[in-house]
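Next come two complexes built around chain A: one with chain B, the other with chain C.
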Partner chain A sequence: MSRLRRHPLAILGTVLLVLVGASLLTGPLGVGLPPGVARTPILLEIRLPRTLLALLIGGGLGIAGAALQGYLRNALAEPGLLGATGGAGLGAVIAIHTGASAAVPLALPIGGLAGALVATLAVLGLAAAGRSTAAAAGQHALLISGVAVSTLATALISLALNLSPNPFAAVEMVHWLMGSIADRSLDHVMLAGPAILAGAAVLARLGPDLDALSLGEDAARNLGTDIDRVRWLIIIGTALVVGAATAVAGTIGFVGLIVPHLLRPWVGARPGPLLLASMLGGAVLLLAADIAIRLASPVGELRLGVLTALLGAPFFLWLIVAGPSDQRRGPLP
Partner chain B sequence: MPPPAERAPASRWAAWLSRLAVPIALAGSLAGATGADAKPARIVSLNLCTDQILVDLVPRERIGAVTHLAADPSVSAAAEAAKGLRITYGSAEDVVALAPDLVLAGTWTTPATASLLERLGVPLLRVPLAGTIPEVRAVIRAVARAVGEEARGEAQIARLDASLAAASRKRREGPRPTALIYQVSGLASGPGSLADALLEVAGLRNLAAELSIGRGGQVPLEILIARPPDILVLSAAPDEYRTAAADNLRHPALRHASRSGASVVIPWRLWLCGTEAASRAIDALMAARDALEDARHR
Partner chain C sequence: MTLVAETVTVNLSGRRVLDGVSMTAQAGTMTLVIGPNGAGKSTLLRTLAGLIAPTRGRVGLSGEDVGRMQARDRAKAIAYLPQSRVVHWPLSIREVVALGRLPHRGGPSGESAPDARAIERALGTLGLSSLAGRSVDQLSGGELARVLLARALAQEARVLIADEPTASLDPAHQVQVFVELQRLAQGGATVVAALHDLSLAARFADQVVVIDGGTCRAAGSPGAVLTETLLTSVFGTRMAIGEVGGVPAIVAGGPSGATP
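Presenting the complex of A and B:
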């Protein structure tokens, strides 16, 4: 057991490989492939994109959650709760319904990125303003701002869908509220993959700075951390990941909240090592969840976003009530 | 297929106007009741399906309003004829303000509005959604009788029946090819729908009945590719709806989703409602079937 504890990345990576195999073997047709069916298109054009998207989106959301929790020193920080997901959805909806994404496919992830960026900046700005008043202090200012911006983004998505000449507004609203990676194609992987990988790479390099920041801002400055630069890299990295992920899959919430908490007892509370572990852990969690819904609901009635919310919301409540085990929260930056 | 999104009425105006208009509407309905032979002169339709039947039955000046969908070419087979007609979003206030002497409503689209209108004394005909060919005839007849244009109604039915007769003449012996109607967001038209009845008329077997599909009618793409129909029917051209919900119609793997590798587009406006437009869907299905069988015999 002690040896296992020392190699979390290797173990998570191994689990991930096993899950990738399981994911390629699992689908609405059952486990494996019945004889006489067109294997190549099913494996390469349906199961492979789904598997890759689960890896990319789960990994991206995992590392974004770990980075946000580390930087904000707030156990409840997560892209969805900070408004980035809602903003990304709004940006993607605007890109689709203005016709931009039909003209230039890249407009879709760019729209998501822009939306996530604006929403994150708004939430951080509102929280900073809120903290200066006595009413909403500490961690709650951030969450309250996140709720406000998310709600606004959802309302604007609904408005945009209602204003567009689109008879499927109701169906599409479900997609943006509760995401899914079923029946996506390699086109979606190509659209979202590069941005998610770029965002994850930006975040993955911030480990030493986040470790320094966990000692407090003054200590971090003395250790040579440029806090403004770190803040911007966190915001940009998160927006890249969440914007692209949400643009192709809709809202998949709570992965970024759950994964760092599950891994802290194993990997340790230092934010740096937690980054890569959370990336692998997020991929493991989302891929496992997506395999589970394929087994539980082969015809695709259950959506991935529904399952992550069912897992995540009680976890969130538990965090609020019980508090995380490694409570070492100072005042917010 | 879920019902097209209804838009919320946003007009405070209409609310205000309607208070003035209630007495007028009641007077109008009374007037309609006294003259037994008088045809309704101010008809309001609250349902996309009755819109399309109505615009062919009566002259434009007798139409008080149709739904906002009637002139939308993506869902209405009679969009051209409905262009320029006054639009209602279906709130009771809005309708009463129009002082109709006949309101056509669907049985399930606007139930609250319909019962409110009945209580206000507005003459109202509830029209069910046709799921079979005989029901299409019955619906057209009911609307035609209510608006006093039986002859024009029979002409609509005759056009539909001509397509049916041609289809049954051309039906071939031997096993029926299979087809699947694949819609936006991965839904397939199942048994009991009008689309299913049209496949039957065209001599095709609806594969949806044999696939394991969800309660909502979803067909995962993987299942479609594992058991492809002979003819894949798309409910919209892949690029018609640039929405995330229609991404499934653009999936590259769809080329494996029919045995012939080809798909035909039969726009859902032709079979969403039971109207004479169904004849065009039948003609298109017959053409697809003929092409398939010719390719086989060659």
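Presenting the complex of A and C:
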């Protein structure tokens, strides 16, 4: 056990490599390489994009969740809290509603990215306008702005569903919102990949600042942390990751919330080292879930976002009721 | 390093909290700030530490404007211990103390040998070495206070500003903390601390600064400043000053507890 404790990154990395192999070898027809002439196209055009998206989105949501929990010093924070998930969902739904997604390839994810951008700009503007001189005001203004923008986006998504031009469009919207990485192409990877990687890179550098924030804002500032800079980088980093992830895959909940939770008893509660571990852990979780879906429902109708939420919620309750004591303690601000 | 406040005025949310406060804390001395609740002691300390920009006036550290220092340079020069004793995650004692080394590190790189020595020294000074692996959520309030002070000591700054470092400590640990702060000052550091225990202030201060209603009522040696007249006027209750076993003792309320 002590050796296991010491090398979480190496262990998570090894598990991830094994899962990548399994993901490339798993299809709706079972485990193994696809037969004959179809081998290369199936590997490159179906399984590779799916595997890469699981890595990017799982890893991105993991590190975004860890970073946001560290910044807010609240283990219940979820990366969608800052509005980018709702914005991306709304943008994609509008692309379906207007018929753009049917007419133009990739209009759906591009609409999602645009929605995430608008929502994030709104949160930035509101948070900047709502700041005052009180110590924690920046944090509260940010949270309230994020919740307000998310709520508005959800309301507008309902409106789009309500006014959908035909039942097929409504079904398409609902299915898309459920979250999935099936039937995506390398174009989707190229669209979301750079944004997710850039966001993860921004967040990965915040480790020491998030560590310092464990002692509160005044102590962190005394240790050289620029709180305003950290806040902007958190907003920008999570928006890039979550916006791009939601734009290509729909809403995949609970990964960003649960992965840091799961890893804290193993890696330690310090927010800095938790960042990279959560990135690997998020990728492991999403890839495993996606492989499970392919094996469990070969027809491919169980949505990834539905599975993560379905497994995530009861598991989260179990963590709180019966999990390790430092999870129950729930360090709230 | 000499820490100087020059006619510092601070407005917070439109309210004037400090009004033209001037004071000097010399290297190698301990300056203790006293005054009633809400007088502006914490605001003065946060301003001295460069965490609040004064509305008017300036804070200088050996001639340099604290407000214009790079955050990292300031973090190496000034260690600040906030009044609120909070650690948001169940870190180990050693992890908390190690946070004091952040300003000395280049990015997320690991701990250097000097870092490790500073952490061990700080733990040893406050008698925490044997507890280093314990999680801070298993500590008493007094133990947590010592852990957070150890974090500030591990910073190894030439200036230490501590806001009520002995609040919620038992009498023995209060004296222990001030003996350590005095040793730090005698080693050449500039120590500034706020506290409510006037007997400890009288015993350990090289300079006492009295803050009342956002202004500096008096500053000087304990003998000169801590008079019954001044304390009675500042705290609004009768204060008795005496000596017990060669140690100064200041008692509030007088014999009957009546206000004058």
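Some notes on this structure:
Here is the rule we use: the second predicted complex is superposed on the first by the 235 of 333 C-alpha atoms of A that agree within 3 Å, B and C clash if a C-alpha of one lies under 4 Å from a C-alpha of the other, contacts with A are read in each partner's own complex, and residues count from 1 in each chain.
Please note the rule applied: contacts are C-beta pairs under 8 Å (C-beta built on N, C-alpha and C of every residue); 3 or more make two chains touch, one makes a residue touch a chain.
Predicted model, so just to flag it, every value in this text is computed and none were measured.
In the overlay built on the shared chain, the residue A:182 is in contact with chain B alone; chain C does not reach it. Of the two partner chains placed around the shared chain by superposition, chain C is the only one that A:269 touches, whereas chain B remains out of contact. When both complexes are overlaid on chain A, the residue A:216 reaches chain C alone and has no touch with chain B. More residues of chain A are touched by B (comparison of chain B with chain C). Of the two partner chains placed by superposition, A:314 touches none, neither chain B nor chain C.
When both complexes are overlaid on chain A, the residue A:42 reaches chain B alone and has no touch with chain C.
Across the interface of their complex, chain B is touched by residues 27-29, 34, 37-38, 41-42, 45-47, 92, 96-97, 99, 101-102, 161-162, 164-172, 175-176, 182-188, 250, 297-301 of chain A.
Note for the complex: chain A touches chain C at residues 73, 132-134, 205, 207-208, 211-216, 218-219, 221-226, 268-272, 326, 329, 331, 333.
Across the interface of their complex, chain A is touched by residues 12-13, 46, 49, 51, 71-72, 74-75, 78-82, 84, 86-91, 95-96, 99-100, 102-103, 105, 107-108, 135, 137, 148, 151, 155 of chain C.
Against chain A, the residues of chain B that register as touching in their complex are 2, 4-5, 7-8, 69, 72, 74-75, 184-186, 212-216, 218-223, 225-228, 239, 241-248, 250-253, 256.
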